[in-house]
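Let me give you the structure first, and then I'll get to my questions.
Should a chain be cited, it is by its letter among A, B, C, D and E, assigned in written order, with residues numbered from 1 in that chain.
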Amino acid sequence: MRRYFGRKIFVYVLTFFAAVTINWMIPRLMPGDPIKSRLARASLSDSAAAEALYDYFNKMFGLDQPLWQQYLNFWVSLLQGDLGISIWNFPTPVTDLIMGAVPYSLGLLLPSIVISWFVGNWFGAYAARSKWLDNTILPLGYVLTATPYMWLALLLAWSLGIVAGWFPAAGSYGLSLQPAFTWTFIASLLEHWFLPFLSLFLVALGGWAIGMRNMIIYELESEYSNYLQALGAPRRLVRRYAFRNAMLPQITGLAVQLGTVVAGALLTEIVFSYQGLGYLILQAIQNQDFFLLQGAFLFIVIGVLIANFIIDVVYVLVDPRVRVQMQGGAK
Amino acid sequence: GDTEGDGGAAGDYPRAETLYTGGTQWGPPSTWNPLDTGGHATGTVGLVYETLFLYEPQSREYIPWLAESGEWVDDTTYELKLRQGVTWSDGEDFTADDVVFTVEVGKYEASTYHNLWEWLESAEAVDDHTVRFTFSQANYAQWANWLYSNAIVPEHLWSERSEEEILTGANEDPVGTGAYLYETHDQDRQVWKKNEDWWAIEALGHEVAPTYIVDVVNTSNEAALSQVLQGNIDMNNNFLPGIAQLVQGGYQVQTYYPEEPYMIPANTAWLVPNTTKAPMDDPEFRKALSASIDMDEIVNNVYGGLVTEADPTGLLPVWEEYIDTGVVEEYATPRDPKVAKDLLKEAGYEDTDDDGFVETPDGDPIDLSLIVPSGWTDWMEAARVISESAAEVGIKVTADFPEFNALVDQRNSGEFDLVINNERQISNTPWTYYDYMFRLPIQEQQGTTNFGRYENEEIWELVGELDSIPVEDTEKIREVAGKIQRIHLEELPIIPLWYNGLWSQTNTSVWTNWPSSETDNNYLPSTWRGYFQLGGILMLTELEPAPEEE
Amino acid sequence: MTLEVSDLRVYYRTLRGDVRALDGPTFTLADGEIMGLAGESGSGKSTLSKSLIRLDGRMRYIGGDVVLDGDTVPVWDDRAMNDFRYKRISIIPQYAMSAMNPTRKIGRMIAELLESRGVRFREIRDELHRRLELVGLERDVLDRYPLELSGGMKQRTVMVISTLLNPSLLIADEVTSALDVSTQRAVAETLVEFRDREFVKSMIVVTHDISLVYQIADSIMVMYAGRLAEKAPAKTIIEMPRHPYTKMLLDSLPEVGVKYEDRRLSGIPGSPPGLLNPPQGCRFRDRCPLADEQCLEQPPFVEVESDHHVACWKAE
Amino acid sequence: MTAAQPLPDPTTAPEEPAAAAPEAPRREALYFALRNPKLIVGLTIVLLFLLVGLVVPPFLEHGPGDRYAPPLLPPSGEHWFGTTQFGQDLFTQFAYGVRATFLVGLLGGGIAAVIGMTIGFVAGYKGGWIDEVLNMLTNVVLVLPTLAVLFIIAAYVDSYSVATQSFFIGMTSWPWAARAVRSQALSLSSRDFVDLARLSGVRPWKIIVRDIAPNMSSYLFMTFILLFGGAVLAAAGLDFVGLGPSDGMSLGLIMHQAVKWGALQLGVWWWFVPPGLGITAIVGAMYIMNVGLDEVFNPKLREM
Amino acid sequence: MLKFDRVTKVYKVGAFGGGEFTAVREATFEVRPGEVVSLIGESGSGKSTLGKMALRIASASSGTITCDGVDVSTLRGHRQLKDYYRRVQGVFQDPFSSYNPVFKADRVFAMIRSEYHPGVSDAEWRDRVAEALKVVRLDPDQVLGKYPHQLSGGQLQRMLLARALLLDIDYLVADEVISMLDASTRIDVLNLLADLKARGMGILFVTHDLALGNYISDQTVILHKGEIVERGLTGKVFGDPRHPYTKKLFASVPQFHKKWEEVEEELRAREAADSSAQPYHLAEGQEVPSELVEVSEGHYVQPFRPRAAV
């Protein structure tokens, strides 16, 4: 078991390294210069001053050093927990910006992933082998998974937000409020949270329902189901077993889907102007803010890796097959 | 839940006393340093830190503000009398030392007004309320511009700071002289609170109406549009699509003009050809290109009438008096495809290989790329129109949409063919425009001016001359400007396209008496950086709460 | 008399028509009888055993009666069958190796199964332990997952589970095929033991290994192409088979001691007919050296001697 | 974005040994295919859109960017899908967009399929350290949040085309396919016929292509469909945030422009509803087709 | 001669390669031309592993396998392997999975043709195939051009043998070739193997059925948990089993005419005779040596502790 996790952790570290390196490299290899753009946006009238400022910022961000040096510096400060200062939002430290955004992103992601997973699996299990449910839930599920996240978000924002006016279509909380532990604030927070959550939830829901439905059919046809039925076990028990066993592959499915859901969350945040990581990333890209981009990306990678790791552990815990195999006692 | 609740009484800021603005801040407020001209939170200059004068472009009036008056005592000496009884928000008096300190910050190389010290020799406090400036050369226009553009910072707090902190520090907890005080900020907003002890209440009888100003961070124009429509944002200063429909749609949304062009022209969008590259180095070609452009299409179809075609000189309407109409009549190239074709033909540009596009007189094919930042949808459409109309006269122009950063790179290093740009805003003098158009010498990187790399010593000298004319001497200014205009129109190194509006859409559900051509509140309705001192602050004093409904 | 099956017909529905996998066998099974059911692959052995307890999705009941201890077994009615299942008829499935839920501990699975059948697990636990011991398993298999057991252990566990409620009829479908000879023997002997201890009254042991079934069965029934060929006491079948198919089958089986050099055995030429549209008459006709005109007619399954039934015109 | 949902547990090979099934699998598959409503409906919708994308554009008078009509007209007989703020015909844009969507799906899905299948086959067939290394690679790419990576790539690659976009999408979306194919290939290569091919002196790659791949052709096809859908959705996401190809028209781009020009606020639903609907319909139909196929090839899933 | 010399195979096991499992330990025996060697053992004893190693589908962890003096592990590259397979071939347990279900069954012939006889004309090839099919007593018309599922297991298995014949091989590894077949067809395949033997082919016949092994083989090797416990001339091993495991196997084989109890009785009787000290009896605490002890000429047994187990 230790070996197994040792291996997993190695892959994670490798992934982390690769991801962070890619993310470090790509922006720097591409045309454009973040400092120049920053200055361009400031519309300075004096070109001499602009040049002086340019040098000044270049030095400050360490962009005057050779690339390998920058790369090294990057890792050194990263290991010290220092993500640098945002160029776009100078002089705010990247960590602050991310910490400000992460709660919102997590607040969207966690509930939508978890709830959609449970509800989706539940629906899928019900749909399996029930003709009319299969014919209603399934197509709906397919339509939902095929829906681009942002389009569903747009539809919801437009229909429930703008036309019906039931929910705000943008922002994270009311403009007139300050974050505080008051009911008004929390109510406003929830109100703004609902539509983005709903759109993420719905898209993910379909996928789980379909996955579950397919898995459980296999389980219901399996030998042990047949045996139970031959011994007159009630449908309930058979389904319970099948459900549990079909859940297990869905856990790994969750790991595979995580990246997609995160991506969906980014898009949804953009549609709803929700102040999560998606918005930060978009800004960072548009402003070529290396440091913010690195930071936000790092955060996502770490998040996805941790989530994956948790899923791995959970999987080992809940599936005796894997556990037994891992102890080498296959036969 | 209902959305109205957001702006309603439930909030921490009483809706009726709060002004919601938006459209200037594109990221979370991160610095309140007035010397960081590009980055500071909206309102830092104007609401908190103030300038010595205001300049009201509509009436072309310099309004004494922190200064009571100022005058040239001789050709190279300027004496400034400061207003008495002005205090910083920490209670300290505002004095000549503050002004001297602020001006001397320019000695730092990375200061935005470092070049001031190329012709300023010294700034000294004569007494607590008098400052004398001695110049090596009197650049009247620039100096007048400086006086109303730059905010004064308190010497007693800033003098201990390091150069780095002064120039780029975040200056949390800003202490200014202005009408508002820092209240709080968050990822998506900046909140200012009214300064009850503002000097102007007593001195000038000005009182700003809103108790709170909440400037909302712009995430996207669409989001802003929603907020304006719902009355959650009272004033937005962004290009919002489809506003024409909304103004007429009974949404309580107002613009400065009730009909086309709806907005006050605020800057000129230019088509900048790279004059170091063939065939853009040929004035005749440039003129032909200019003539080919179907401006009607851009104005009416792309912008839906939200903008107007620029004057052939490119000067903004506020500088109307400096336009030499005679010169324009004589030298301007009309926008007419036929004219374009003729020009091309005369200059020897002909379609020799029958591909539908002309070649250079040497027979080289022409294939120009017009770059516009990706995502700037209105400009992208405009670029497409230009490309199409150029094709009509046989010039091959392809619209390309690189990322903004890549575009800046190409633009600054002179690697582009054609680019659209509108960097200079309304000001007190056309000099700022001509400086932008013709500045010499050309550097390897052209960061802020003369992107077309047009080298013409004669015209640059004329621009210098313009600078050294006292700002009141309109006659003289017009004369020199006329000379410049003639060369400009003859050579057309930079092609004016349209006037970009001072985008401003206001909602009248909470605040009324917004600036409008219909009323006598004619101040510029904007929170853009640099516009509070162009009258934006006075607009706030004119606002009135909307009468209670229901 | 425990089990009476008469003219049971169960077909598989397929696109191209019905596969007549079980075409009217009639036989009886006495109290305490272990009957071996032998035959080539595809002869309908599993179909017969499944029909007696649960028809799967594609099986279609066509006709025939099954009577167990005097009660009619409603094989066509899935719901009604539940009263019989496990309590009166039980099965050890063909794939006993994968018959247990891989993610449940065995003990827990048994408990849940029993409770769902309205039996208090607590009351039966001691008996369960006793029986596990009887088949040579530790109690702690109940705390293990199926994966942790060897094939033989799994097989024996399933045997114990299936017989826990003392059914009158136990069907063991190919329970030994996947095991090696020594385990095979242990399992086979356990079956006998179960009968002797009256855990089950009577038993049908399905296999294609006649020599194995000979070791334990009281009687052997041979199926061919969905029909019965012959049924007789085990010894009789081995020593005096009447049906040509049985004869040829036995002749083709090498035994320890028989060597190629000494005696060259030969198989049965040809292959069994498809059951989709089986030929009229005797289905072995094409492969039978004795076949003639008469065989165009279906031979009845008749008792030629006491306890010896054969379906062949030529059986003297 | 990766596949919308995983294929069924790959260890249960869709094609089971035909030992017990006396009917010709191919003919049977065709029989079920023709009677599977999911497959038929899905295929019909996909073909319909394909037709729109392929056949319609050449017949259109105007290009997708042409501003020739009055702005913001709601759908009418003349402008089926209405017009944009600039008087562009939305049906024209839609038709071109559908074309781009198929292109991205085919190219992006195709590239991902080629990479994923190659890696999956090689890893599954070769085993040993090659498998280990490829597995590691797969896991690394699998855990990467692909859209975020695509954002970065797309943002910094200077003006690029639909093909480039597809390339990047393909390069990042293959891992789950590689995994699925690997486990299938692994179980197939332990089948005796593979050993037999080896004993016949057939070269490894030929064994993979000629013996292993045909045995999972339906599985591969289904994998491709899911990759196709994933690529389309990913491209739509990129286009939507304005990181799409700088030339051409796509459904995501239409949505992007609709949003940029305030279609939501102005109530111009015909600007943003059809493109999303188009994507959903195409991808959804593909997925439904996929279930249909699954049922056709997988007797267990069939309902009788 | 196909010779196994102290061949060991170690597999990595555990889902993630954690442990090691020795499937075959120090196996030594040989297959001579014109001889059938049956390899008998329970499931998992390593029979197939040995077969696969001989076929170079798996590689030995230690020890050597030589074919007529050539160490098979030294065969490098496609060419040499191909040449090796020209002489040594295998047939596997499951006739159904030995055919690629998507292709026609005769593809197994086509593969041989394209790899080994690319120059042969269509007509000649057809003759050769017909010839090979005749040897295995199949009617070309009945089996050619059909899909595997349209043929019976016996037919398929015989086609595989015919395929091997097309190569004119010297050695054949027959891995449980009949265990999936019905009793009525088994014997035909078995007879066929015996015929091949008569033509001079060396056959490694893997089975777990003692009766079958006995029927055709000259030599018998009894494998238990990867180790050879007894081997020798079939007559001797069957007639006079020595190792307790071998005895146990015999006691468990179901037979027609003897019940298990009878067989056990016989063995017990022999046990008594065998209880005197023997060279292959191990003393208490003595390690099991890797060498087998020769009991009589051509009959070897692994030393064991007397009374250890039956």
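Everything that follows uses one rule, which is that a contact is a pair of C-beta atoms (placed from the backbone, for glycine too) under 8 Å apart; a residue touches a chain by one contact, two chains touch by 3 or more.
Chains and their UniProt names: A, D = ABC transporter permease; C, E = ABC transporter ATP-binding protein.
Computed from a predicted model, the values in this text were never measured in an experiment.
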(request) Moving only to chains each one touches, count the minimum steps from chain A until you reach chain C. (result) 1
(request) Sort out for me whether C-E or B-D is joined by the greater number of C-beta contact pairs. (result) C-E
(request) Compute the centre of every chain as the mean of its C-alpha atoms, then state which one is farthest from the centre of chain C. (result) B
(message) So, comparing C-alpha centroids, which chain is the farthest one from chain E?
(response) B
(request) Please compute the C-alpha centroid of chain A, do the same for chain B, then give the distance between them in whole Å. (result) 40
(message) Averaging over Cα atoms per chain, report the distance between chain A and chain E in Å.
(response) 55
(request) Return the distance between the CA-based centres of chain B and chain C, expressed in whole Å. (result) 93
(request) Could you give the separation in Å between the centres of chain A and chain D, each centre being the mean of its C-alpha atoms? (result) 22
(request) Pull out every residue in chain D that's touching 2 or more other chains. (result) 22, 155-156, 158, 259, 264-265
(message) Can you pull out the residues of chain B that are in contact with at least two other chains?
(response) 220, 226, 375, 402-403, 406
(message) Under the definition above, what is the set of chain D residues touching chain B in their complex?
(response) 65, 67, 71-72, 85-87, 155-156, 158-159, 242, 246, 257, 259-262, 264-266
(request) Would you pull the chain D residues touching chain E in the complex into a rising list? (result) 15, 17-19, 21-22, 24-25, 191-193, 195-203, 211, 214-215, 217
(message) Residue numbers of chain A touching chain B in their complex, please.
(response) 30-34, 36-56, 60, 86, 88-92, 97, 100-101, 161-162, 165-172, 174-180, 184, 187-188, 191, 270, 273, 275, 279, 283, 286-288
(message) Could you list, by residue number, the parts of chain E that touch chain D in their complex?
(response) 52, 55, 57, 78, 81-82, 85-86, 89-90, 92-94, 96-103, 108, 111-112, 115-116, 147-150, 160
(request) Spell out the residues on chain C that touch chain A in their complex, using ranges where they run on. (result) 53-54, 56, 81-87, 90-91, 93, 95, 98-105, 112-113, 116-117, 145, 147-148, 150, 158, 161-162
